[in-house]
Amino acid sequence: MAEQRFRGVIPPVITPLTAAREFDEKSFENNVKRMLEAGVHGLFFLGSTGEVAFATAQRRREVLEAAVRVVDGRVPVLAGIVDIQTDRMVENAREAQAIGVDAIVATAPFYALSSEKEDEANFRAIHDAVDLPLFAYDLPVCVHKKLGIDLVMRLAKDGVLAGVKDSSGDDVNFRYLCAANQEAGSPLSVMTGHEVVVDGAYMAGADGSVPGLANVIPRPYVEQWEAFQAGNWEKVREIQDYLARVMRVALVAKATRGFGVGVGGFKTALMLMGVIESNQMPRPVEALEGEDMEAVRHILTAEGLL
Amino acid sequence: MAEQRFRGVIPPVITPLTAAREFDEKSFENNVKRMLEAGVHGLFFLGSTGEVAFATAQRRREVLEAAVRVVDGRVPVLAGIVDIQTDRMVENAREAQAIGVDAIVATAPFYALSSEKEDEANFRAIHDAVDLPLFAYDLPVCVHKKLGIDLVMRLAKDGVLAGVKDSSGDDVNFRYLCAANQEAGSPLSVMTGHEVVVDGAYMAGADGSVPGLANVIPRPYVEQWEAFQAGNWEKVREIQDYLARVMRVALVAKATRGFGVGVGGFKTALMLMGVIESNQMPRPVEALEGEDMEAVRHILTAEGLL
Amino acid sequence: MAEQRFRGVIPPVITPLTAAREFDEKSFENNVKRMLEAGVHGLFFLGSTGEVAFATAQRRREVLEAAVRVVDGRVPVLAGIVDIQTDRMVENAREAQAIGVDAIVATAPFYALSSEKEDEANFRAIHDAVDLPLFAYDLPVCVHKKLGIDLVMRLAKDGVLAGVKDSSGDDVNFRYLCAANQEAGSPLSVMTGHEVVVDGAYMAGADGSVPGLANVIPRPYVEQWEAFQAGNWEKVREIQDYLARVMRVALVAKATRGFGVGVGGFKTALMLMGVIESNQMPRPVEALEGEDMEAVRHILTAEGLL
Amino acid sequence: MAEQRFRGVIPPVITPLTAAREFDEKSFENNVKRMLEAGVHGLFFLGSTGEVAFATAQRRREVLEAAVRVVDGRVPVLAGIVDIQTDRMVENAREAQAIGVDAIVATAPFYALSSEKEDEANFRAIHDAVDLPLFAYDLPVCVHKKLGIDLVMRLAKDGVLAGVKDSSGDDVNFRYLCAANQEAGSPLSVMTGHEVVVDGAYMAGADGSVPGLANVIPRPYVEQWEAFQAGNWEKVREIQDYLARVMRVALVAKATRGFGVGVGGFKTALMLMGVIESNQMPRPVEALEGEDMEAVRHILTAEGLL
């Protein structure tokens, strides 16, 4: 079964840059190996956290080639192929397949408005173009619409979708999606992208998590998954409280909003912890500095991570 | 401590109407007594579920007077004083105090736009006007803004707010609110209003729940609370899955959207179960009928409730 | 024809308050008489500008009784009956009719979500309850939905609606509404509520305007209407440029957002110009002061209004 | 002065496709020549109407190379370089410059959230990368934020922006933008993208229009511009009423929403009028057919265009 390959903790991997905004492959390798050693069950490259929205065609290739080389088959490699519309995503999907990834992750189209009919055609066209499991990325904060359960399940039953990464922030819908999936014989891997409520997602029946924070602290997410598998809910909860405290590294910056605060916080934490060289961000975003960097440092220190 | 009075399951009570859209006090009494017998820990009248938005001044009085009479001190009576702006809410608060309720529940102002400064002044003015614990009702789907954690905690530390009813659908924020509250010595009762993810809210540290569905099935929510208090998470989860299935009575209707589907579904279920006389709705909403009623009946039958 | 009574400039009248937040009837009378002398064609009381959202039942009565007394039949008196839901608006409508107004203005319900079917039932219920022309108030910034042209025209053809006050900010829709109205034989008075683009609205076929700024400078709006009636578009445009400059009194304050800036700016201008006593605002809004007041004064001085 | 080159009617050109979804260069040439003969003052390729969101790198090149070849210097060629983030837009801008366009048009970044600081850095980075006049494309329906007047004027005064194409639907803001531009000595060409309210935009001080409908009926837009230049407002208005009627070809389809209805309507009209071969749309959008095509035909017939 397709979904059995995609269970557990599958972090969306950050894309380290040099000060000159080139791809920093050495830092990338450090970070990926650290997560593999922590026991993650898969890795998702070129997600929003992996700067897919900022990546030129060349950057996409660099990252995916490095990913396949470093992971070397130890866990599944998922590749984001996010782009504005279908034909571009099809191009990205073919490129990713040629590089050798194990699965692809796509959003609905997100510039010109479209109806659900067109969202459905989009996923079907991508599925038809390559021979790889396809995940739907449900991310209304960037894509500006929510994927409905009926659409997702119809695509799952037809073998178009192998999974969903849910970053919609809609926990009510998430529980009903998990229930609909189980009722249909679990054709989907249903993964949550919300770092601080993974416990609730596991209670709801999630097949795993895709936490950006696992770049910073991969091991606790793995331990939380293991506690969940063992039915040790008190430990699931206790770890979650810790994760929520550390997650503040991605919420604390004041100089900007959104992506720069979140991914900027992860990169800054990883730099302070010595995992990556620089906390540089892609244009037009600036790296955290000054008080924002100190705020991240303060959280890491308080949690014993420095 | 104020918050100790407001813990556990505190359902928002529906307001039964006769076919002629008068207040049906007998059905109201049946429904309230059934919940009291199930062991609920408080009752919240004139919430959104209780049709506060539709209620004239006279209807408000009828409901609160009946509430105080029927509950008769067995559990705390919370009264919604929701209105467009501050002066109206102050009037409603004074009226509710005169009738003898134990706490009041207010939103931010919601017609003319306002800033957080004005939301804060609103809650302070209401608190100053009466001598009752005040809950903030966080309901962006109706009020069109989210109450920030900093604002809520500032008001809690100043003794203005005794609690929050969170119906914001933002589980990430909810966990951080629970954490901030605990850090401050738990001045607030933090309650979730989302029927199908109460398990996640308890994991996050909620002090209780305000589930509209508890009108229909009060006992399982009480049992879930007791399981939570006993640390029996597997039972919390198992009950939650059942609750989510029954909650579809409030999601299944096709003839309208929003309030008419949700509260209309609760009322229709209660009528079919013989608890209330009619599933009538306030103008301009129509009661569920035909296929929509049959869909509710089908869910109740499948879950053994008819 | 009903619509012939409602043409031209019909300002939404502000509600002056004393420092103690009581209704300042003397300032109210000054302001109303000044607008009547300027030649306005109607007056709209208890609009958003008239603080309908903040008004208790008593304040509504005070304002409408003073309005009917001061206007004394010289122009039509329109009364806002805006409230959360239908039954409350019906109560307000009956009260307004008893006081003797000439027309009423209602929004769609705006707290619990509703469908267009319910919006339609809302307007029909209000129309059935009183014997007064009914205007629909299209104000998505407060009501959080847009009234569709099909709905509005269906209600117009059935004699339910006599007019629309459009404050939706959607000039494309406005032109199509004007066209649909003309095609149907002009059952509606279509009025724009946007002070700075009245020229475009007249080009699109509007029957008049409802400019809050006309409290401050009523005469230019009347002159603009007369230029429009005379086909003198160059003058319409020239006056519009002046109006846009003065309108900055309602945009310039920094201490708050929304209503407090706009109506607060009008009141501050009127106080500085000696028309009303105080720029006091209803709770929880604060009156403009300090730099914000100076900014308003600066604009008035630059335009020769002080 | 830069802005003097960009005045008048500058239609956003559709991108005709064959049934197999290849670029149909012959139809493209027909359509462009027809607009040139009608006297348009510039042409904007790869706008939203030109399917920029759907275009792969190859499609972008095909369209711009054909554009430069067919226009052959008769009017300025503007090229959309819209993409998700800065680095991609910089790549597109360089490619467009190499092909020989006269100006470029960019949006703010639109996937990962960003602050105004980042929007500003985005436009500055693009401006620095090429030696071409840069237009900002203000299109909240796709980009999900509005460009503020202060930002736009700051970039104009620094020579970063040469113009704005406003498709924001905010006519109040548009008037203030025109006023701010004139106050600053008119560094910007301020163009409206709203086909049916061009008259109001001209009243507000627009330097021209970018109407998608001008693919279908280019000559009336040119005549409207000339009437505006001559101060013949009655004719401006009369033409506008005609344009609004024909614009319904882009509003009438029922089978989908948004882009497919609008651009689908333009393409269907052009096919029915014999200007292009097929009304094919890019994946995942389907061409209008059946009742939707008949509805377009009916409008064209009623207006004497068939």
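Annotations for the structure displayed:
Read from first to last, the chains carry the letters A, B, C and D; within each, the first residue is number 1.
Note that a residue touches a chain if its C-beta (ideal position, glycine included) is under 8 Å from a C-beta of that chain, and two chains touch if they have at least 3 such contacts.
Keep in mind that this is a model prediction, so the values were computed, not measured.
For the self-contact between subunit C and subunit D, the two sides draw on mostly identical residue numbers; the shared fraction is above half.
Subunit B and subunit C have centres, each the mean of its CA atoms, that are 36 Å apart.
A straight line joining the Cα centres of subunit A and subunit C is 50 Å long. Residue positions of subunit D in touch with at least two other chains are not found.
Taken pairwise by the contact criterion, the protein chains form one closed cycle in which every chain touches exactly two others.
By the touch criterion given at the top, residues 169-172, 175-176, 179, 194, 196-197, 199-201, 203-204, 231, 233-234, 236-237, 240-241, 244-245 of subunit B touch subunit A in their complex.
Of all residues in subunit D, those touching subunit A in their complex are 48, 53-57, 59, 82-88, 91, 109-115, 117-122, 125, 141-142, 144, 256-260, 282-286.
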